[in-house]
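In the two assemblies presented below, chain A is common to both, partnered first by chain B and then by chain C.
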Partner chain A sequence: MSDRIPVRKTYKLYIGGKFPRSESGRTYEVTDRKGTFLANAALGSRKDARDAVVAARKAFPGWSAATAYNRGQVLYRVAELLEGRRAQFVDEVVAGEGLSARKAEAVIDETIDRWVWYAGWSDKIAAIHGSSNPVAGPYFDFSVPEPTGVVAVLAPQGSSLLGLVSVIAPAVVTGSTVVVLASEQAPLPAISLSEVLATSDVPAGVVNLLTGRTAEIAPWLASHMDVNAIDLTGAPEQALELEVASADNLKRVLRPDAARDADWTITPGLERLLAYLETKTVWHPIGV
Partner chain B sequence: MTGKKFEYAPAPESRAIVDLKPSYGLFINGEFVDPADGRAFKTISPATEEVLAEVSEAGKADVDRAVQAARKAYDRVWSKMPARERGKYLYRIARILQERARELAVLESLDNGKPIRESRDVDIPLVAAWFFYYAGWADKLDHAGFGPSPRPLGVAGQVIPWNFPLLMLSWKIAPALAAGNTIVLKPAETTPLTALLFAEICQQAGLPPGVVNIVTGAGETGRALVEHPDVDKVAFTGSTEVGKMIARSTAGSDKKVTLELGGKAANIVFDDAPVDQAVEGIVNGIFFNQGHVCCAGSRLLVQESVYDEVLASLKRRLGTLRVGDPLDKNTDIGAINSAEQLARIRELSAVGEAEGAERWAPPCDLPDKGFWFAPTLFTGVSQAHRIAREEIFGPVLSVLTFRTPQEAVEKANNTPYGLSAGVWTDKGSRILWMAGQLRAGVVWANTFNRFDPASPFGGYKESGYGREGGRHGLEAYLDV
Partner chain C sequence: MTTTASLPVGQQLEVGDIVASDASLRRFLHGLPGVDQVGAEARVATLSTRSIKTTAKAWAIDLAISMIDLTTLEGQDTPGKVRALCAKALRPDPADQSTPRVAAICVYPDMVPVAAHELAGSGVHVASVATAFPSGRAALPVKLADTRDAVAAGADEIDMVIDRGAFLSGRYLEVFEEIAAVRQAAGDAHLKVILETGELVTYDNVRRASWLAMLAGGDFIKTSTGKISPAATLPVTLVMLEAVRDFRDTMGRQVGVKPAGGIRTTKDAIKYLVLVNETVGDDWLDPDWFRFGASSLLNDLLMQRTKLTTGRYSGPDYFTLD
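And then the complex of A and B:
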């Protein structure tokens, strides 16, 4: 009975709600911290990245037009499903990050709670980041936050799940859509997260996930003219050249911050939420 | 066309989903217990006068027991719990409310008399939304604009009315728990059943005992709760008369008080408003929930130039309203909540006629049993008439006219109340000018009776103080 051979999973990309292999046909070997083979992950290409941006752009009108209440509920649902897959994520984080099972459990706890924390912001951020503006004239003047659009995210290399969730959730909760490049060395928890997203109520294309070489794909995302913002957290060494490339269409750039990105267990501030928000101010005359 | 009214077949929602017990205890410290002196009262269906269940009447000793349970839960559990864990309980409650939504809707319609279409599509979805919204605030209080680490108040005593039994419960309990308080809540004596089902939901959610306590009873129970020396916060929704009594009895204490009281809202229709849309808004404004709405648009102010057109259209629309069985999915107007309330509506309507206003109601067959009042409007109403000044809290609309925006503002503000107002016009600048002039806590423009957990609600003047909903709603339950 103990001779049963486990059925292994094929780890693929997640683009537009589907799980394609890389169009390049390439894969790379993922191992645990001791070098033991875990899986062959897709080695994403420039074309995959561009497909992912197209999918994210396509999803943006619907997702950003959803009510904040609806987005909050959809994202909370993701946390419910994460809770149900605890054991799988613990195993993957143990293998990928070399943590003890106990530490990995704490990471999963924090991951789920982080997701819930961000989900709750959906219908609250406007109450603290919007304003009615007392202009000196007969005008009603108010400012509201709006999502910036398509956000490219280079996920942190070290924290393969908690770090990943901490960089995706703040972008999607306010209505932007995301192309995320997973941790290069430990991409498997990210791929499993995409399976959770695919089976929750998150619309196809809201989150698109690539695996592969950060150094290879990041420049294509940074120079892509249909990406509105980029988070460089996962590429501190390349940050300067990526930020320069991002200037071509004046992407909003979230720079890596060694101090901030060293410990993902700390409850974040609003920086990542605000990074992907535009402020729209509306003037309207007042008079009989 | 024969001019005959289109007939509907009955489409009743099944009662089978509700499992009523013959009697209910008080919910104290996480379990149902009998009251100390064993007193009880009956709650009936206002549509049929059938007895639905027997409910315990909490005396002073029971209220004291509930407050003690809430204090203990506050000191030992709730105030020590990390905020995000507190939030998770609220999320759980929100989800169970969604799961049991239909059951709650049917029970609400049974006990209150409101149409199932309303309890199913408005009340209960909002209840869940309220918990969902405030769940998210629990671990974000630092960001709410009240300074770093705002503290909860302690034990909140909450007294709610019968017009939106479960919705008012959610407006009270969700922000209070999110802010870190524990609760003793008294539902209205004519509508206690959904609050008691909510107690079961707290059990299903695994909420620690004593965090929410529910004591049923009438005015005396409410007084015992409000005046209890170990209550830190009093929140009341109900009549202005009782609100003033509470303000007097809590004077000189350290209790923080918020009051959401009566209203006599003006619904103001300008001559450039789209008439059909405005008429729908007028009907929704006063006939929604049988007019048992503190923010109801009970005074219609119509610009003289469109008076005839609006009135003709309004009367035509009133003729299509369906009054009857609250559980019928086609019903627009359900039962008046109690014999007492029906008597008050009848009395004020009689006064309206006696004072010289002209009464009109569409021909309308009312059921033999239960408490019913046909949708009614009064024309020729002057500002001095009692039906223009006093809250009727029923399906009765007083129609007045105006010529200029300034006159509309004067008439609209000529009331001791200040809860809400409606403005109907195609001109944006006029909406904003009117909004600036109106002394009311909520102004609806080209809509009416909209509610959302993200939006603060509450009154000016004798409509009370404090706000419920939104970031502002947290302030009522925080030491700021």
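And then the complex of A and C:
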């Protein structure tokens, strides 16, 4: 047997269900913790972010109108596919985060469990966060949670898979669509996740994934007038200026929290689910 | 590419000679040089790669806004909708007073009085489609009455459709006479002749129809009604731009061009402007000589304009839907 020529990967972005190259044509080298070359990833630009927001906006009406039951099923199916790619994710987490194989296995377990956990919330969140309100009049009065719209997510820099899933799932499960900026140093698990999503039942544009420099792209997402919420977890140093830029269209902002974001294995609670919900209150006359 | 070799450039042609008979008109139209389809499409593809940025882009966006014929041609149009559209024509971006006005409002004839009232004295033109738009399938007296009605109601631009059936079956003189009759009926109003290029099949036909419309006295040639797909395309517009250029060279009269339908993004609009600049030059880069028939294009131009002035991306939520 002769030595094979290695097939080196040049990954692309994931926008609107397609895998385009960066509009800028740029790429950057992804290495493991020791500096060994792993693959080339697309170095996204502000225009890729713009395109991703357009794709997310386009997907929003369909995804938010899907029944909660349906969204739960679609997301559960993603967990099944993640399970099937387990070995690949383990390798990527080992390379990207410098964990031992055993620890990486545990991270993948936690990741898939986290995804299933959030998928289960799809048809239960209204029971927790909605209410039927007592009013002094002949009306039924309900408050129901509704998705906010397009959510920009700056994924955590350290936890490239578990952290990523923990920030994407709570946004999409309630019906929002997301533009995710993957971990700059370790984007490969995120790219593989996009390949999983592309082959799952998640409609095109519900999750859009960009790779590149967080500091370069984040300000464009923060100031974007067609983004309804932003999760600043992946940019703690820039958080203040990004929050200021987000104020122009009154984006919902999820601030980074050093204590909370240090350990992604802890069961997260509802904070991230509730961060991207609006409340709609309906007055319905009691019929004659 | 395309050529003007067999056109008697510089030598004055007499319209009367050309249209003396069906045979002479046919001889003239079929004597026009053929369009190199591959060449035209390649030329357009090359020009489409031009990158227009920063100050040039800002200039192009404002020019494109000022060239728009803001159009609503739906069966469900109401006076209220036309009034809303007129308000938008006068102040496309209420948040930015420096935004130019559009060139015209384009409506069905029965909506002309509403638009004329709203736009009186503003400099924004009132264009009306006429002649049994969009099919053009009505008797000539009906078409002429339609035209006179629209003009009487206050339209200063008339968008007529040609009889594609007659054109495609080779009855050129009939088409010519019909355009000439509508030209007469329109009086002082500007006449835009819609060729409906999506139904003309070949670029050669587009070139012939363009010449026919110009010979008959059209002030503008317009690609499409917007009701047929494909509507305006870049290669078709290239062929028409070459026709108006050649027409001015041989007949000494300048005619405008209006692509309509299917132009939705700023990027598209700028491609058209590049095409105009490279084909016929500065003389046509003016709302009097080049127009966009569009409705959704305006919002995209406004969003891009806002991006340039504020430095942040805008969204469709901040502009009116129509």
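One rule holds in what follows: the second predicted complex is superposed on the first by the 283 of 288 C-alpha atoms of A that agree within 3 Å, B and C clash if a C-alpha of one lies under 4 Å from a C-alpha of the other, contacts with A are read in each partner's own complex, and residues count from 1 in each chain.
The rule is short, and it goes like this: a residue touches a chain if its C-beta (ideal position, glycine included) is under 8 Å from a C-beta of that chain, and two chains touch if they have at least 3 such contacts.
Computed from a prediction, not measured in an experiment: that's the story for all the values here.
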Original post:
After lining up the shared chain so the two structures overlap, which partner does A:120 touch, if you call chain B first and chain C second: first, second, both or neither?
Top reply: first
Original post:
Counting only touches as set out at the top, which of chain B and chain C does A:68 meet: first, second, both, neither?
Top reply: first
**OP:** Identify the partner contact of A:262: answer first if only chain B is touched, second if only chain C is, both if each is, neither if none is.
**Re:** neither
**OP:** Return first, second, both or neither, reflecting whether A:50 touches chain B, chain C, both chains, or no partner chain.
**Re:** second
**OP:** Tell me which of chain B and chain C touches more residues of chain A.
**Re:** B
Original post:
Counting only touches as set out at the top, which of chain B and chain C does A:101 meet: first, second, both, neither?
Top reply: neither
**OP:** Classify the contacts of A:247 with the two partner chains as first (chain B alone), second (chain C alone), both, or neither.
**Re:** neither
Original post:
Given the touch rule stated above, what does A:128 touch, chain B (first), chain C (second), both, or neither?
Top reply: first
Original post:
Same chain A residues contacting chain B and chain C, which ones?
Top reply: none
**OP:** Would you pull the chain A residues touching chain B in the complex into a rising list?
**Re:** 68-69, 72-73, 76, 113, 116-117, 119-124, 127-128, 140, 267, 270, 284-288
**OP:** Give every residue of chain A touching chain C within the complex, in rising order.
**Re:** 50, 53, 57, 220, 223-227, 245, 248-249
**OP:** Provide the residue numbers of chain B that touch chain A in the complex, in ascending order.
**Re:** 84, 87-88, 91, 129, 132-133, 135-137, 139-140, 143-145, 405-406, 428-430, 432-433, 436, 453-454, 470-471
Original post:
Any idea which chain C residues touch chain A in the complex?
Top reply: 311-318
